[in-house]
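The first chain written gets the first letter, and so on, giving A, B, C and D; residue counts start at 1 in each chain.
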Amino acid sequence: MIQSIDYVAIAAPLILALVAGVVLLLDAFLPRRTPGALGLVTLAGVVAAFGVLMAQAAEGGRRRTFCVPDSLGGGGCSFVVDRFTLVMSGLALVAGIVIVLLSMAELTDRRIPAGEWYFLLLSALTGAVLLPAARDLATLVVALEVVSLPVFALTALKRYDGRASEAALKLFLVSVVSTAITLFGVSLLYGLTGTLYLERLSPALSAGSGASGVVSVAVVLVLAGFAFKVAAVPFHFWAGDVYQGAPVPVAALLSVVSKAAGFAGLILILVTGLRDQATLWGPVVAVVAAATMTAGNVLALRQRAALRLLAWSSVAQSGYILAPLAVVGGRAFTASMSYLVIYAAMNLGAFAVVMAISRTAPRNELDDYRGLASRRPGTAVALGFFLVCLAGLPPGLAGLFAKVVVFREIVEGGLGWLAVVMAVNTVIGLYYYIAWTARLFAPGPAGASRTRSVPVTVAVGVAVLVTLAFSVAPQLVLSASG
Amino acid sequence: MSWIPIAMLAVPLLGAAVLLLPRFAGRVPRGYGLAVSGVTLALAVAMAAVFDYGDTARMQFQTDVPWIPGLDLRFHLGVDGISLPLVVLTALLTFLCFVHLAGRPQSRPRALAFTLLVLETGMIGTFLALDLLLFFVFFEVVLVPMYFVIAVWGGPERRAAAVKFILYTLLGSAVLLLGLLVVWSQAGTLDMVALARGNGIARSTQILAFLAIGAGLAVKAPMWPLHTWLPDAHTEAPTVGSVLLAGVLLKMGTYGFARIAIPILPEGAATVAPWLGAFAVIGIIYGSLACLAQRDLKRMIAYSSVGHMGFVLLGFATLTPVGVNAALFGNVAHGLITGLLFFVAGAVKDRYGTADMARLGGGMLGRLPYIGSLLTFACVASLGLPGLAGFWGEMLALFGAFRPAAELSRPLFLTFMVIGGIGTVLTAAYFLLMLSRVTHGRPARDRGPAVDVTAYELAAWMPLVLLTLLFGLWPKALLAITTPAVQAILPGVGS
Amino acid sequence: MIVLAVLAILLPFVGAAAGLLGSRVPRSRTPARTARRRAAWFAVLPVAISAVAAVWLAARQAITGDHGAADTVAGTLAEIETGSVPISVGLQVGELSALIGVLVTVVALAVQVYSVGYMRDDPRYPSYSAFISLFTSAMLLVVYAGDLIVLYVGWEIMGLCSYLLIGHWWEDRANSRAAVKAFLVTRLGDVGFLFGIFTLGLSAGSFRIDDVLAADIPTSTLIAATMLLLAGVAGKSAQVPLHTWLPDAMAGPTPISALIHAATMVAAGIFVVARLYPVFLAAQPTLDVLGVIAAVGMLGAALSALAQDDLKRVLAYSTISQLAFMAAALAAGSDHAAIFHLVTHGAFKALLFLCAGVVIHYVGSNLMSHMGGLRTSLPVTFWAMTIGFAALAGLPPASGFFSKDAVIAAIEHSRSPAQLFLYGCALVTVGVTGAYSARAWLRTFFGSRRPVPPSDADDHGHGRAQHEERGRPAVPRSMLWPVVLLAVPALLLGFAGVREFDAESAAISVVIALLGAGVVYSLWRGSPAQDPARMLGPFRVPCERAFYLDTVYDRLVARPVLRLARGVVRTDDRVVDGAVRGSGRAAVGLSGLLRLAQNGNAQLYVTGVLAGVLLIAVGVVVLA
Amino acid sequence: MHVVYPVVVSALLFSIGVYGVLARRNAILVLMSVELMLNAVNLNLVVFDIWLRDRLHGGQVLTLFIIVIAAAEVGLGLAIVLSVFRNRRTIDIDRLRDLTERDLIGPGPDAPVGSDPGPDGPLGSGPDTPVGSGPGPAGAPPGDSPDPGPADPPAPGSEGGAVLDRSEAG
């Protein structure tokens, strides 16, 4: 049985995978170990993949491949490129560009093996690009693992640092348990429906007379792995420890790329796969969203370490992103996508600045940011902007509009209580964001700033530009995801 | 498409942006903020000059371009008789704040000028916006700058006060947003002008939306019992912060009632109005009583704002043209008078090093005769003496309560009116007692001579004094602008 | 013609502004003397012109009034839309207004001239005279107002001026307190007054006085409106129960007592009732209430006056008592008598106060126990004050005799249900008035001189004595001229009402007044050094303390309010703000709770994950 | 054979895995328990595939993938465990508690603006009650201490590479 494969459709993940291999080879065979060169190759690969995506977007048409031949009943395709795929993959790739830039700064001390690093990074990106295109459970699960496994390794790659290893182990344990739960759910779903294709799941479940209890359990279990990725309650425990222990670029990867992949999977399963079971999962998602945003914000409230704070804040932001998914029916999930895209921009910006600071202050506590405005005004203003964006206040209009979009969907969906919970959470969130921002502009020690890292500066610049663009014209995001 | 409103927003914003340029690092020209806000004020005055007073109910100087189609958000600006006075007031107060700063430079002048200019953009934008979401955006713009004004240039307890301010008001804003979104989801448009013409929202939804919007605005106003952020913020804020906070920021809340809550949700307003009125009069009495027992001058003025805003809210609650007129008049008057009060209180604090009445001692009229006299003037104006601006807002609000809109219970509002009347006596009581304590008596002997009012201070205060007199003696100057507009937003009500 | 009225109002206003702002310009280079002289010109000249204008208006009234037609001058500057009943900014000068206008301007002029001398050494003379000008302007606004709201504006500004002037010597805390009290008590009444205006205005659909008088308003509404107005009247005209501020207000400079707290401002209440008299006539219950208030007030105040030692307080209580007479006349249905008494009272009470001012200025103390035997050293004052006391006691041929007779006659002929009570009180009051007049007259001018203890001079002389040489200062001419000038109308004004003279009631009242005076005289003859007030026996102390009303108010109003205020502050901190802070603490507490789970143990995390999944799954199965 | 029996077996297997994950302190044993859970899934998939007579044999295909995933996970997991052991000389997961909330509670309250001491509450002035993570094991150092293990020289790339190669093979 020979299938024709649409290589244009799978070009982006393909390029990433190939470049990953190339990087590994280069690392092995190049005479001098030049992390910079490897970084540039990686960057080129990611940019190329992004270019492919842009081309596909410009072309506009849907592409599908790995379809079931008509001789076997037809109907399902495993790999589909549509607007959703393009947005989510594009998000992962742009985030990838920033993360590669951050990595270039991280890898300067040569204690981390650069070849492996970039290889793993590219692998994770491959998974993240693949995942939104997946339309059957097997591909979805494999893509999810392709995102996850390299991240464990990346976290542990600072082999000399016990904290990194510890973080990796924690991440790994929670992840594999979640994956196991998801797989168990997948097996149950398969048993209930007899298919792995998302599009067929919902009709099959509706048609099947199977016990509703089993269906419910299966749905809940399936969501586990993705909930782990987005760090939703009760899968959020790992976030603080892992973000703190992992290298900053990996934390950024976890908070953006990995999270985007998780949300892509969630949206695919919920909106495509379990479309007609919305009454079943809607309330669950709503409760989880409320719990997630509350837990994240409350935990972030008294943090003193920048990365931990960002960890819990990104948990809280996950809650906001989850909230529209709880709305039954309609296209509320586009609000989640919009929020995710804007969130990615501002959160990456924050991580980029944190990366810049971590080079001078390894402990990276909030007090290290005191007086940043007088030492490095540009960086301070940028971080202030990102934090205010995350808080959702002007001048961070991007964050504000993102929240408005989400609020709108919730209100229109009739989930008033969730809107109120989210409103309260916005306030709690503001507390720690503004406290951090205030530190930036407080009088502080006037130490000389060390030499700046060009890649980090570029990364911050990219994030600022993108976030500003989203602030002035959020329509960019809204029309792309809507 | 009119360029004036856009220019009014662009000038301070660009002015702030220019300050970000590295060449301004460390040294900012002294008159910079003054110049930028002066240009803005000139634009505001020009707008007021060109404004067609024959048709104040119509939106003038309209600009309407789509901004975010995905959110249905349009960049829709415009001015009518309701917003024009507030726009001019905002521009004026900001300008006067810069005049004040020119005479009394603060630390980090560049940052302060930047913050104040951004603040001005937000404040003016709030009064110009004719799109619900745009209004909300501008409404939010002021939060962060004001936070920094308090947190960086404030008093010893500034941090807690600033945090309380921003969290509390953000909570209000978030609730407000929910209400706006309910309106949007039900009516399908964000355009205030269109919404005010009638929108067919069901009564129960209107009540819900009014509650949410009202609560959000009430935090900003502030209405009892949502006021506790205000005294702390005022006490700790620097003079310019207090002036803008009292003079403009509080007005954004009450303006929202006139612009959004009442015209767009008339049935909701009619249902909730008795409660609004009740909270308003409780606020009047409560604020006055709280003032009576205050020890800190600035804190007392802050609580007096609670009382005065109670009158404004009472005016709105009557849902009559005269009541809404009263509220709008009260808004402007309170902005002028309380702005002046905070200027003077700040000057007192600068000279005595404290605003604690017990430590101020007495005899200010002997030690600082001009400042003492101006304090007396401001207090007398604030307690609602006829002939000064504060009177008309209070009087008309009570008059509105005397005969509220037909759908409201008259006995209830008569009760409100009587309580409000007692409130005016209490208001007079605390102001006069404060004056008696602070300005009268013999000055403590151990204090050396102090610098009385400076030229900069006079320049910053005199416009407020003159306008207070003008609007007090000739209320028509304001009422003629607001009345047609108010009658337009309350169709079929009143005589 | 209306221009004259406008001019009369605006000139003092401009004068006030000029006096406040202009007398010390430029600030650094103007010596105090120059400032004083300038301020004196700013003060006297506009009021003089106003007086001329007022007299002109009145004269024209008198002439055209004879022709019967068009006897009011009116003009409206603008209509102010409020969204409901419009406010018409307009003036209207009728017969009554013209008359009172003359009274106001003449007394004000006299006081301004008098003050030039009296306040010779006061460094704050410019502001003082400016406030008097402002007051004159405001009072004229009340008098000439054609619209109730305009009237109210003037009404309140008068209150402010009263506050500022009572508190003129603010170094002394007692003055400050008196000023605050005066403002607050009148303000309390004014709230009712404002509500009364609302009632009238809304019922008539207009705030214009003419429209209100012409409107057909239901009686019940009228009763409510007039009762409310009465509150303001009681406050301003110092009637029971809102009279307590007036005696304290004597803390102000004596000319102020003469101008504001005797002749003009306190008469405003009576004036307003007279101005709106048709409305009051249609509301008989209100007039009855007014009658009872007046009856209680006149007698109580007269008794209090009898027991006071402070000369100015005697005059203050007598003012309350006399104002009650006017109110009684109004209650009895005769606004003519009331206004007649108002005018004569304005003249003779101003005279009395100015004379008292001379005496106080001379002696350096307010207390009669420090005076005595001044007949020889202050002859002009003695004669002028004799005229004043005669008028006060209602002895012929002084003006008070005629006006008081008119009032008594009006009460006698009234058909009010409270008539008998009122009449009885009035007659007793006449007797008591005679008594306290005689007492004050005798104690001040006769007998032997009593020295002033030095400390008392400081306390009661309000600092003026410090500027003087020890000893008797000379009385400046500018103080005597107004005294002489006012003595003329105080003596002769009564003959204007001779046409309505009622001989029978006049005889009765003169007899009673003489009786009262005689008792005092006989007591005084018995022992000139002792106070004749001892005849009150055990009642003396209650009378002197004005029947403890101040204490009652303090206990019932002031202290509870202050206690309440402290309670509110506590509540605000603990409950209202406590809830806010509590929610903050709750969030922090929750944070601590959630952090317990973040103890770094991966196994706990996994347990949490599994437990969470189990919980959700069970929840979904059970609830779905 | 009725489908219930193998499904029950698989559920039991999964439960045993869960128990192992929860009960075992040793990281390797935990890894093995996870393997048990994955195998329960595999069993399920295969059984359902047969039972449903799936023409596409989705279940079996997925099973193959899961086997590969499991292998990769184990490989990677062991590498991480090794790394942990090198750094910490222990693989008891409940003793790996360097990263926790507790070390973040400093002696003083936060003070973002100025150096003024202010209590740390979001809405005002609540007293800052430090909430620890309970009575943790005494061994856990409160601060960001240097690694307790011997200073680890930069490992030669080959070793890491080897580990990673295996993971990549999955």
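In this section, a contact is a pair of C-beta atoms (placed from the backbone, for glycine too) under 8 Å apart; a residue touches a chain by one contact, two chains touch by 3 or more.
Just so it is clear, the structure is predicted and the values come from calculations on it, not from any experiment.
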Distance-maximising chain from chain B - centres being C-alpha averages: D
Chain pair with more C-beta contacts, A-D versus A-B: A-D
Inter-centroid spacing, chain B versus chain A (mean Cα positions, whole Å): 43
Mean-CA-position distance for chain D and chain A (Å): 20
Mean-CA-position distance for chain C and chain A (Å): 77
Centre distance in Å when chain B and chain D are each reduced to the mean of their C-alpha atoms: 56
Chain A, residues touching no fewer than two other chains: 169-170, 173, 177, 181, 240-241, 301-302, 428, 431, 434-435, 438, 441-442
Sites on chain D at which at least two other chains make contact: 21, 30, 93, 96, 98-101, 112-114, 120, 122-125
Chain B, residues touching no fewer than two other chains: 151-152, 159, 162-164, 167-168
Chain A residues within the chain C interface of the complex: 169-170, 173-174, 177-178, 181, 212-213, 216-217, 219-221, 224, 228, 233-235, 237-238, 240-241, 279-280, 283-284, 288, 295, 298-299, 301-302, 428
Residues on chain B engaged by chain C in the complex (per definition of touch): 164, 167-168, 224-225, 227-229, 286, 289-294, 320-325, 362-363, 365-366, 380, 385-387, 391, 395-396, 398-400, 402-403, 417-418, 421-422, 424-426, 428-429, 432-433, 436, 439-442, 475-476, 479-480, 483, 486-487, 494-495
Partner chain A, residues of chain C touching it in the complex: 587-588, 590-592, 594-595, 597-598, 600, 602, 604-606, 608-613, 615-617, 619-621, 623-624
Residues of chain D that touch chain A when the two form their complex: 7, 10, 14, 17, 21, 27, 30-31, 34, 37-38, 40-41, 44-45, 47-49, 51-52, 54-56, 58-59, 61-62, 65-66, 69, 72-73, 76-77, 79-81, 83-84, 86-88, 93, 96, 98-101, 104-106, 110, 112-115, 120, 122, 144, 147-149, 152, 154-155, 157, 160-161, 164, 167-168, 170
Residues of chain C that touch chain B when the two form their complex: 78, 80-85, 87, 89, 149, 152-157, 160, 163, 167, 170-171, 173, 175-177, 179-180, 183-184, 187-188, 191-192, 194-195, 198-199, 202, 561-562, 564-569, 572, 576-577, 580, 584
